[in-house]
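Order of writing sets the chain letters: A, B, C and D. Residues in each chain are counted from 1.
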Amino acid sequence: MPIEYYFSLALVMFLCGVCGVLFRRNILFVLMSIELMLNAVNLVFVSGSTFLKNLDGQIMVFFVITVAACEAAVGLAMVIALFRRYGTIKSEFFRILRG
Amino acid sequence: MLIWLVLLFPLVGAVWNGLLLPRHKLLSHSIAVAGVGLSFLAALPLFVSLLGEGAAGSVHLAFSWIQAGDLDIGMEFVVDRLSGVMLLIVTGIGSLIHIYAGGYMNEEKTTARFFSYLNLFIFMMLLLVLGNNMLVMFIGWEGVGLCSYLLIGYWYTHKPNAVAGMKAFVVNRIGDFGFLIGIFLTYKMFGTLSFSQLHEVLAGQESLSPALTSGLTAIGICLFIGACGKSAQLPLYVWLPDAMAGPTPVSALIHAATMVTAGIYMMTRLHFIYYLAPSALMLVAFVGGATALFAATIALVQNDIKKVLAYSTVSQLGYMVLACGVGAFDAGVFHLLTHACFKALLFLGAGSVIVALHHKQDMQEMGGLKKYLPITHAVFLVAVLAIIGFPGLSGFFSKDEILWRAFSFPGVGWVLWLMGLFAAMCTAFYMVRLLCLTFYGKNRSDEHTRHHLHETSSVMWAPLVVLAFLSIFIGYLGIPPFLAEAFHGSNLFSPFLSSVIQVPPAGEVYWSFLHEHHSEALEWSLMGASTLLALGSASFAFILYRNGPTPFLQERKEAFASVYRTLYNKYWVDELYDRIIVRPLKEMSEFLWRVVDLGIINGGLNVLGQSLMFLSGVTSFQMTGSLHRYAVVFILGLMGLVVLVIV
Amino acid sequence: MSDQLVFWGLAGFITLSSVAVVTVRNPVTAAVALVINLFLLAGVYAFQGADFVAAIQIIVYTGAIVVLFLFVIMILNLDPEHLRSPRPRIWEHLVLGVVIAGFAYIGYRFLDSLDVGKVASNRLPDNTYDVAMILFSNYLWPFEIVSILILLAIVGSVAIAKKPK
Amino acid sequence: MFAWINSSIVSIIIFLPLIVAVLALFSPSVRLSKWIALGGSLVTFIASLHIWFHFDAKSSALQFVEVYDWLPSMGIKYLVGVDGLNLLLVMLTSFLTPCVLVSLWESKVTYIKPFLSLLLVLETGMIGALVAFDLVFFYVFWEVMLIPMYFIIGIWGGSNKIYATTKFVLYTVFGSLLMLVAAIVLYLVHYEEHGFYSTSLLDLYKITQMGLSTQSYLFLAFSLAFAIKVPLWPFHTWLPHAHTEAPTSGSVILAGILLKMGTYGFLRFALPLFPDALVRYSPLLMTLGIVGIVYGALMAWMQKDAKRLVAYSSVSHLGFVVIGSVVILNGKLSEEALTGALYQMINHGISTGALFFLVGMIYERRHTRILSEFGGISAVMPWFAVCLMVATLGSVGLPGTGGFVGEFLILLGVFKFSPLAGILASTGVVLGAIYMLNLCLSILFGPLDKEENKKLTDMTFLEKTYMVPLSVLVILMGVFPNFFLDKTRASLHHLAEHVSEYRLMVSHHDSEPVHEVAGASDTKNK
């Protein structure tokens, strides 16, 4: 398989993730979209690793997965905390950054 | 070595009294008297060593004071005949007044602070007199100003006293400003501030370039501004009458005998500059003459005994300045000497009167005190006769010398002489008026005061007696030559100083008239005229006032109401200064503060800050706080960047 | 040929499930789509010969992370009100278009410049042992540090999600 | 051990306060914290005395030098040392800090521990900025000074503290950022000429090939930073606010030392680095300085608040320092004026420091600083009266106090440069007497008619422990100035020579300024 194919596939996944982050109002969806993007990156790593015959890419994927797990855990904890506090997880509700 | 002792004793006295603050009045008094008295005793041998024929002055360096760049100013002192004379005046009369002050301040709870200031004053005055360069003199110059400030405001709980002190300091500072500029000019031109070096440079010049002459004139005028401040000349005399708020010994010591003569001393010290700057001296002469006259007219109608004496001091200082102005520095110093004696006596006498009357100073409430204060009256009478120039007393010789030297000044001399003569008449008038209103006629004070009237203690009258003797006899040191010949004596004073005061070679052409011979007849007639006029004026005053303020006088007062009011209000000079200097300055400051500082500079900055805040408010509309919006912008921007890079 | 078939099959379903994750309304559906997506991705890894990664992909992602999502969804128990998303506005369509176009353009330029030609990628031989060797030698420190990170994340999430007293 | 102390004494006085600051912050009790802070600052003072006594006054070279490479590839070094220019200021800093700490001994300030440690951090910043001979380190310390002051005013200040402290910081940062840009340009200019990177001042002093326009821009950028710190008119408006709001100890440090950083910066950076630009802009600086002298004095006269009055008097006094630093005679800096400027910095530090202490004392007792609330205090607080009088006279520049020596030398130099400028500047002496004596008059003299004032207590023993040395110093510095000036002479001479030498080397770029200056002094009559 040409490596371009894998990259294209990763690109599509990443695009989906970006769109999810940009357009979904529900924080849960945003988090899931982030997972999508991380996986797109993983795909690139693994493909590159295979292509270059270098196993460092796989190691990197290992770390990315770990970080993703942490991120998901903390992110979801925050979702719970937010829901408890404000009763909603719609992102447009949270506008603390307003100038 | 003695010179260090002379300086040390008063300083030790000041520090002892100032830091340890002995509670006991007698102790602090003794410390102070010892401080200045020992200094006087140390000064005596110093002076005696100068008496020998051709004894030269000596310079003593204590330590290098300021050294920066090419500038090297030493803490150096000069002992020569001029500073020797001043030394004796300061410590001698100072001692007498210190003794007297113990009696005068007897009602105070503690006097340590007072005597500390007084000793400090003596120390500063000695620095002024002994300093061998302008800067050391300037320490003393401002130092005596400080002591004067502190002593005028000694009774500080009465606000006007403190205000008077401050006025004295500030007006003096204006004069000092001129002095300072003079110092700078001197240094710029000669690269040195030392009197002996300056003298060497200037005495070595055969002739002067026009640039040098104009420079010297500028220096002379600037330094004279300083002298105007310290010696209370027009237009900076205004502080001296107010300075009478201080205790009377202070008025006697500082504001009559010593400090106020600093200007005359300084000009005499720098005679070699003034001799080479005749136009500056011309200004000096006219300012002196005008001051003598101006102050004397004001003194004619004042009712406060110390105020009269204050204006009299201003007027007498005018004489001395006039003497300097016509190149008769020795005559100026001679008058300084005699004036120190009789004016100190007058002030101390007035002080005795004031103490006896429980601090009343208005002459309208006095009168007839001759009966109660016989000794005071006697010495006061001597002093009055001395100051009005009664033949044979000290003032007669010194004043006559000045008038004669003024008259013999070529060109405008007769104008100056007329000014002096008129001032002398006024002096005779107001002094006799003062004498009459105080001591003769009926007593006008209230019953209670009269009941307690008695002669002052011996600690107060003893110094007065000494001063009275001095006032009578000290004049014989400087008998005019023609009189001396007539009486087979000789003038001791001028030749004594002539080793110090000499016309530099470059100025000899201009000042050649100093050695001109005048006919004795002219001198006799002038002396006779001035003496007669003064005595006439004095008898006129005696006739008018011997019974105190009478209805007749009241009528005259009303007849000349406008003149009287002008004089009584001192020509409204204070008000004038307030109107044209103080108030505009204050208003300008107010304007600068409110409008420029708060309004323009600070306001401008605030406007800048506020407009930035406003701008940020305007531009923050896109800061909706919506995370998505931010993410969208972020992604679009990122994509834009990437596209930009890869295109 | 079979390779082609497997790849295209996986790729097609991955694409579909990715789109599903971001478009469906119900979070449970999305989570299920995500599970499918990650599972298929594990297939791709295995297909490339990265067996170890494929395994942890399934274990950690599908087994742990997405399950965590499902738990949270259940805990929140969102009512339908929360699930309704507003009608997309015009600018959103515009941005969507721009983003897709931008990605397409950037991807095109990137792949175009890659210039690796038609080299077929070989499946790697069995490499789990090698991965382990590298991980515990070269990457030992990062590995340990990441373990601390995980610990922190656990403590942090517990602290955040704890019911306030 | 002793050798180590000797070779790293400068680093010790820089960082000791910092270490002590941390200890004081985390000490278990307030009492202990105070002891630690005071002890640390006293040790610092003793260490600086060690420098004073082992300083070779004959040499203009940098002494007690410490050099360590920090970023060799960029030429950044840790380079510190002492010479005649900064020695006195270091002494002043290490002397005033213990005074301030003693003054806080019995104060009821809240959060005393952070306050003490901020003061010590401030000391580190100030000493560091004084002894740093590397632009980067100088800049770092320069900013380090700012932060503690920001908090000191912002947390422990008066009612309008936030406005004051923000203004102070914004102003200063604005200036120092421009200085940073200029420093980077200077760094590159040096690289172009000498071919290696260096931020060491000793290397930067050797730049000779810098065009007049470059010099001018850099000079103006540096000068602006320093002028704001001084503060030179018209950049002074932060000062009255900062002083009015700052707590007493903050004011003392601010007026006593921080302001001198600006004038020190002129001497250390702006003058020797850009000699041609200095010649070009010295009339400008002198004009601003003179305006500041008169303007500050008039402002001070108008103030009803004692602290504000003293603050404005600083504007006036530091105007003297600025004009003293920029007197050019025959293309050469005037040594008299330079000496005066340096000396005046120290005098001002001591007398104004003392004045702020004194104002703080009556504020603590009466909770007001409005002049009309006082009067006749002299009767109930004699010690206070004496100290206030001495500080006032020092500030007024009475001969016999240090202020006179400084002002005299400055005015002498300025007068030689331009008589008109000298005369205008001298008016500040008269005006100074007016507003300072007005202060004394309102507080000390007059009737003691307010009930609250009758109950005032005189200075406590603790207050005397720092006020008496300060007062004595005011007089000592006036009577024996050579004791202090001896240490500075060689360095100032070197500075003056340096400026003239480097001017000659670059004067082929533009020889006009040389003529200009020669023309200014041909009014000599002899």
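What we mean here is this: a residue touches a chain if its C-beta (ideal position, glycine included) is under 8 Å from a C-beta of that chain, and two chains touch if they have at least 3 such contacts.
Quantities reported herein were computed from a predicted structural model and do not represent experimental measurements.
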item: Selected pair, greater C-beta contact count between B-C and A-B; value: A-B
item: Chain of greatest Cα-centre distance to subunit B; value: C
item: Chain nearest the overall C-alpha centroid of the shown protein atoms; value: D
item: Centroid spacing, where centroids are CA-atom means, of subunit A and subunit B in whole angstrom; value: 92
item: Subunit C and subunit D, separation of their C-alpha mean positions in angstrom; value: 63
item: Distance between chain centroids, defined by C-alpha means - subunit B, subunit C (Å); value: 98
item: Separation of mean Cα positions, subunit D and subunit B [Å, integer]; value: 38
item: Residues of subunit A whose C-beta touches two or more other chains; value: 18, 22-23, 25
item: Multi-chain contact sites of subunit C, meaning residues that touch two or more partners; value: 95, 99, 103, 110
item: Chains touching one another, given as label pairs in label order; value: A-B, A-C, B-C, B-D
item: Residues of subunit B that touch subunit A when the two form their complex; value: 616, 620, 623-628, 630-632, 635
item: Touch list for subunit B against partner subunit C, complex; value: 632, 635-636, 639, 642-643, 646
item: Complex interface listing, subunit C residues touching subunit B; value: 95, 98-99, 102-103, 105-106, 109-110
item: Residue ranges of subunit A in contact with subunit B within the complex; value: 18, 21-23, 25, 91-92, 94-99
item: Subunit D residues touching subunit B - in the complex, by the definition given at the top; value: 167, 170, 234, 236-237, 295, 298-299, 301-302, 334-336, 338-340, 375-376, 378-379, 393, 398-400, 404-405, 408-409, 411-412, 415-416, 419, 422-423, 426-427, 429-430, 433-434, 437-438, 441, 444-448, 480-482, 485-486, 489, 492-493, 496, 524-526
